[in-house]
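Below are two complexes that have chain A in common, paired first with chain B and then with chain C.
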Partner chain A sequence: MIQAASHDAPSSHDHAPPPATFTVRVLRQDAPDQPSYWEKHTIVRENDMNVISVLQRMAAQAETADGNPVTPVAWDCNCLEEVCGACTMLINGRTRQACSALVDKLLVDNPEGIELRPMSKFPVLRDLMVSRARLFRALQKAKAWIPVDGYYDLGSGPKQSPADQEVAYPLSECMSCGCCLEACPQYTKIELTKRDGETDAEFKARETSAYDGAFIGAHAISQVMLFNTHPTGKMNAGERLDALTAEGGIQVCGNAQNCVAVCPKHIPLTTSIARAGRATTLHSLKKFFDL
Partner chain B sequence: MAKQRVLIVGGGLAGLAAAMQLAESGTDVDLMSLTPVKRSHSVCAQGGINSVNELTRQQGDNEHLHFDDTVYGGDFLQHQPPVKEMTEWGPKIINLMDRLGVPFNRTPEGFRDQRRFGGTLFKRTAFAGATTGQQLLYALDEQVRRWETAGKVKKYEFWDFLGPMLDENGICRGAVAQDLVTMEIRTFPADAVIVGTGGCGLIFGRSTMSMACTGSAAARCFRVGAKYGNGEFIQVHPTAIPGADKLRLMSESARGEGGRVWVPRTPQDPRDPKSIPEAERYYFLEERYPKYGNLVPRDIATREIFSICTEDGLSVEKDRLCVYLDLTHLPKSAHDKLGGILDIYEKFQGVDPREVPMKIFPAVHYSMGGLWVDYERTPSGGLKPGSPKNQVTNIPGLYAIGECDYQYHGANRLGANSLLSCIFSGLIVAPGVQNWMKAIPGGPAADKPSSFYEAERKKHQAAHDKLLHRTGGGENPYLIHQELGNVMTKAATVVRYNNVLRDAYATVCELQQRAEKCSLSDTGNWTNQNVVFTKALVDMFPLARTILKGALQRDECRGAHFKPEFSPAGIDASASPTDRRRLAEEWCDRFELNTAKWCKSTVATLGADGEPQIAYEDVDTSLITPRPRLYGLVGAEAIEQVWNERQAAKKNGAATNGSAVAATAS
Partner chain C sequence: MEAQSGSFFARNEFLIRRLHSLTGLVPVGAFMCVHLITNSSTLGGAEMFQKNVDLIHSLGPALPAVEWAFIFLPLIFHAVVGVWIIRSGESNYFTYNYVSNFRWWMQRVTAWIALFFILYHVFHMHGWFHTEWWLKNVANENTGGHLFKPEHATSSAAIALASPFKKLLYVVGVTACVFHLANGLWTLGITWGIWTSPAAQRRANYLCAAFGVGLLAVGLGSIVGVSKTNVAEAEAFENAQLETKAAAAKRAAELLKKESAKAVTPTATATKK
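Let's turn to the complex of A and B:
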């Protein structure tokens, strides 16, 4: 390996040069019904490493710090550019994307090494892989789409002011990563197991109803506001507000504001929640008087 | 009759467009993807999507010009009718995406804003911030979720497509796939299978593409007899940030704003770049091209950066090829203008490019080649709507769309054209597939005996079990992948030499044999990513060999395929006018000969011995005659004059003939 050029460590004048190797502790779990356990790996530091490349090196090495052969750690990723949302995990205790977590920075903050854990609010499939099916189910429940007439050529979309576009665009950057849910005190883990004799369809239905009964989450509330302010989406605003006032809706939010602090896309979640709160109140009143 | 189903493999822009279109017109869809579809590679596209629009139209633009730019950019290697049709659909597609809620940037009056992008004079590109691909994909993902909620689409996310199932008549009857969590292998009987599985950048190790872009799905179709077209045409982006895991795109605007490209004159000078004195820096673009400096055209920049590292050995780092792209001397105003892209660099490299020169290197970016697909032409040169031939591979019932087909971009892709081709091919494939399903020879998939499907499943299960339990060997799949990437990047990207390609082919064949001896560090049957990766690796070889062999055999320069040995030289500028004329005539003769010989698609089939067999297919260039690219060539004016005269003469000849025919007819 070649020596790091002197500028590679951020603010290297303040700190000792980066170490030649470092330790990674991973919380592993072989399957959903198995106990979890810690495993330690030693990685040779290279330039420009992020946590993804650490996991890649671990897979290629296939042995622990003590030299025991082990299976590669399972994890989820795709874009490696922090736009697909796949690689969310807990890195040194913080919920974030592995692809944008730079090793040198992590080592400056925590010279002992790096600790990796799966997200705690979703069922672990294996190691750092979790099932975020509930997160996507919330988007179905919220009817997070524009119900267009069809895909024939019916001319252009509605005009929109740049100001409205500037409000919509950040909300539309939500990559369904789940950080906001991991950080939310009101969002608690739901993990069901298939019962004996239950068919796949029955299990899926039971799971969906469990998801629907629990908190929908900040990401979905924000998506409701995205679609409810779109000139066409607005026409069905009521249906989406119904989803937010149903069981597991916006009333569950305790306004802890953890979500907004961890969103990697800096989506103004608490603004969305406040707007949704006002809209649902009005919506409920209106429905009450219409009855 | 049992209800018919279509299986779509891949939920990028292409797969999602097909899914929503099929669902709307009543067909039940199974949609399969390695990742949740919302996380597909299409989210990475930043720049935008092209189409003619009301504004450009009034500036003289029209669909035909967009068509012309696309085939000219592709060096005339694509069949013209599908491209013509695509450019005509362009405005309708942007309108549809707008209706679906894509937050396109707006003008003060509220119209969609447009900008200029790659190879055109018009502001054809619609964009949504710096995340156009993400925004387009989300709009389609939302529509598909709507159909999923309505029960028309069933998603199979975290599934790996293992291959199509062909019956005794060679008709595709569905596919076999594996659940990436439980590792269950099962069959998906289907009346048509549409593959929209994206590019194959991972064959080059690291690229600008996402981790799912292994090309494995296309390779698995190739293995059972699907043809693969124009494999050797791989687009390389001149400036990417070389990360340890991925090469991330760095917009060319960094050079445009005054960035200077250099390397230390001492190879791998260990000093802090800012402390290296001017005299010891080699600003190689400025020295070699005093007229253009750092603003040399894209292909030249790519080649020079590549060769300064590979041939001159002047890479900044030894193990990772790169040069400096220096913005540190620029005023704050320039930094502010580049804000967004500088932030990306800082986020992934951890250093501020305003303070420290960036490190960049060219990176594999797009695969123009892909599964060979057909189309049905109308007399006027468009596509026949609803034809079951549109987008079908040579295997009946197996369709390919998006980046994994070879249809739209010829020898090179224009910026912002691929998002368009993905959505377009996804939308038009639907009615053709529905017509195919009305009269499938041998009846619908559901009527096939279950023994047929069971045999297919068992075949794949046996192969999987064998791989899991292979003992001995001892090869490490991750290291073989690295080696493959190094060989491919060196031999088959920016500059290609026959001797290098020949050696690379031999090396890749050796690597392929070693890959067959991989030992797995995980032999379990639960979320085993080790075995999934190894399978994808093994399937990279047929495509890698096709790319190399196609490049080796193609002794010419066309689009992204550049062989210095066969680069057409300009003509002597100091020659007398008569000599110049003669030289220009000869140049045009050579060009026409080369067009006759090489303006042909490469079409590969995989031999039983694993050797790709290469044939050449005539290209339908009936709508726009191939013409030379003279940009930057010495003597271009003289050549152009001769060329134009010849074209005019041909046209007159044709016109005279035409009127003669008309006269007899009346």
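Let's turn to the complex of A and C:
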């Protein structure tokens, strides 16, 4: 292993060969209402490792750096090619996908090891798994779809100009990973717990209303601009702008512009926010003066 | 949409936040520009500054109404909503150390500095309220309030800012206010959708920065102007001007007396006929 490491040492930075082993610190939590705790694991370095393969090694070892037997760390993943957003977590403190976080690069930046934490703006389900229900609720609130279902064939819709396609395509790349929300100083965590005697439906309703009262987030604002750019989607533009001017809407944005800086898909989120700012300005004036 | 629920604030959040943004520009920001430009005329000497102050105070009895409607009330609204906004967010600059994130944080830091500075500054110079009881018991020489005297504009300002500690406080306060306005102008353009693309935002950023640097020069110039004031000279000029005014008033009264004495005679003869 040491031989392999020295052989495959990245040529671009030849000051230090990658270490044979490295430490992974994971912030674990057994269940939503349980306290979190740190756990240390020692991993033998292999070529081309990403954080997903690190988590797989940890599950296979099933013991901490001190040799204590432990259950595998729970995490979400799906596509393994940075298009689904499921494996988003805090790697060395910053929000990103585990699948595209390469170990050798992480060790160059931070030779001591790797630190893994669940996203801090969403309720933890277990270990590195979080509930991103609020993210999806925001898309529902903003009506981030185009309603075309009906009882008869509506025929073909209007054509989209190539210029509008150029604007829309980058926005359509959003994978709902939640990085923009994690890095946003105006997006603060909401975690409710079920009250005694509360039914699931009652709890869900209380949670939805709490989510709707808080910031909708850059992802949803950008999706509104995507569907309001679409020739058919435009027909319902007003409803989506109503959602953006409701409580927790675009007005909560504080222009820190972290969203666009951390977006793994490089979506022009702040451009969407400014365009939505203009659209909601005009929409409100139109509504107020009945234009 | 679901049935309208929640507090008045929650239901009107969009409108309130947009009004907060607007009041930052007009009248609060616009007033600050006028205020700093007026005060920088202290660089031109006691006569020039006194002339500008007299112009503002020529509003006479309307001045308090103008002050409250166009300065104090919008400022209080901007501050109250602003404190609520600050409490709604949490800085994460140490994790995501981007320039715009730093500015987000600084906008809030300068907001707190500006809030306490303006509360103090208005008490220090203006006194907050001008009722007899208040000026006698709260804002007076002993408490260090209501020190600006419009008819002794330059000398009273110079005396109020005599201590180096006060000058430093004003430098910090003015700098915070100017940053808050210049940076706020940039975010206002995004909020209302004036500059949308990154290139447009970058160009707007240069303009806002230039505006901020210019206004800071004017603001600090005011403090320099007040500091350079020769109090005895300024007082002498102000007293001379007051004497001229008093003499003019006296002469006017005399003339009026003469006029009315003249006017009595023809009427008296007319009634005799």
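Heads up, the rule we're going with is that the second predicted complex is superposed on the first by the 269 of 291 C-alpha atoms of A that agree within 3 Å, B and C clash if a C-alpha of one lies under 4 Å from a C-alpha of the other, contacts with A are read in each partner's own complex, and residues count from 1 in each chain.
As a convention for this text, a residue touches a chain if its C-beta (ideal position, glycine included) is under 8 Å from a C-beta of that chain, and two chains touch if they have at least 3 such contacts.
In this text the structure is predicted, and so the values were computed from the model without any measurement.
Participant: Identify whether chain B and chain C fit side by side or clash on chain A in the overlaid structures.
Facilitator: Overlaying the two complexes on chain A (C-alpha atoms) leaves chain C and chain B fitting together cleanly.
Participant: Does chain B (first) or chain C (second) touch A:Ala210, or do both, or does neither?
Facilitator: A:Ala210 sits against neither chain B nor chain C.
Participant: Based on the superposed arrangement, let me know which partner A:Val83 touches: chain B (first), chain C (second), both, or neither?
Facilitator: first
Participant: Of the two partner chains, chain B (first) and chain C (second), which one does A:Ala183 touch, if any: first, second, both, or neither?
Facilitator: Once the two structures are laid over each other on A, A:Ala183 reaches chain C alone.
Participant: Kindly classify A:Ala65 by the partners it touches after superposition: chain B alone (first), chain C alone (second), both, or neither?
Facilitator: A:Ala65: touches no partner chain.
Participant: Quick one: classify A:Asn255 as touching chain B (first), chain C (second), both or neither.
Facilitator: second
Participant: If we overlay the two complexes on their shared chain A, which of chain B and chain C does A:Ala237 touch? Say first, second, both or neither.
Facilitator: It touches nothing on chain B or chain C.
Participant: In the overlaid three-chain picture, which partner chain does A:Thr271 touch, first (chain B) or second (chain C), both, or neither?
Facilitator: In the superposition, A:Thr271 touches chain C alone.
Participant: Look at the superposition and give the distance in whole angstrom between the closest pair of CA atoms, one from chain B and one from chain C.
Facilitator: Superposition on chain A places chain B and chain C at a least C-alpha distance of 12 Å.
Participant: Per the contact definition, I'd like the list of chain B residues that touch chain A in the complex.
Facilitator: Residues of chain B touching chain A: 20-21, 24, 35-36, 38-41, 43-44, 92, 94-96, 98-101, 103-112, 128-129, 131, 134-135, 138-139, 142-143, 145-146, 148-149, 181, 210-212, 242-246, 248, 268, 270-274, 316-320, 347-351, 356, 427, 476, 478-479, 521-522, 524, 526-530, 533.
Participant: Given the complex with chain A, which residues does chain C contribute to the contact?
Facilitator: 1-2, 5-6, 10-11, 13-15, 17-18, 85, 88-92, 95-96, 98, 100-101, 103-105, 107, 187, 190-198, 201
Participant: Over in the complex, which chain A residues touch chain B? Could you list them?
Facilitator: Contact set of chain A toward chain B: 1-3, 5-8, 10, 30-31, 46-50, 52-53, 56, 59-60, 62, 69-72, 74-86, 99-100, 102, 104-105, 125-127, 129, 132, 136, 139-140, 143-148, 150-151, 153-157, 159-162, 164-165, 168-169, 172-173, 175-176, 227, 230, 232-233.
Participant: Show which residues of chain A lie in contact with chain C when the two form their complex.
Facilitator: Against chain C, chain A makes touches at 93-94, 183, 185-186, 188, 209, 212-213, 242-243, 245-258, 261-262, 268, 270-271, 273-281, 284.
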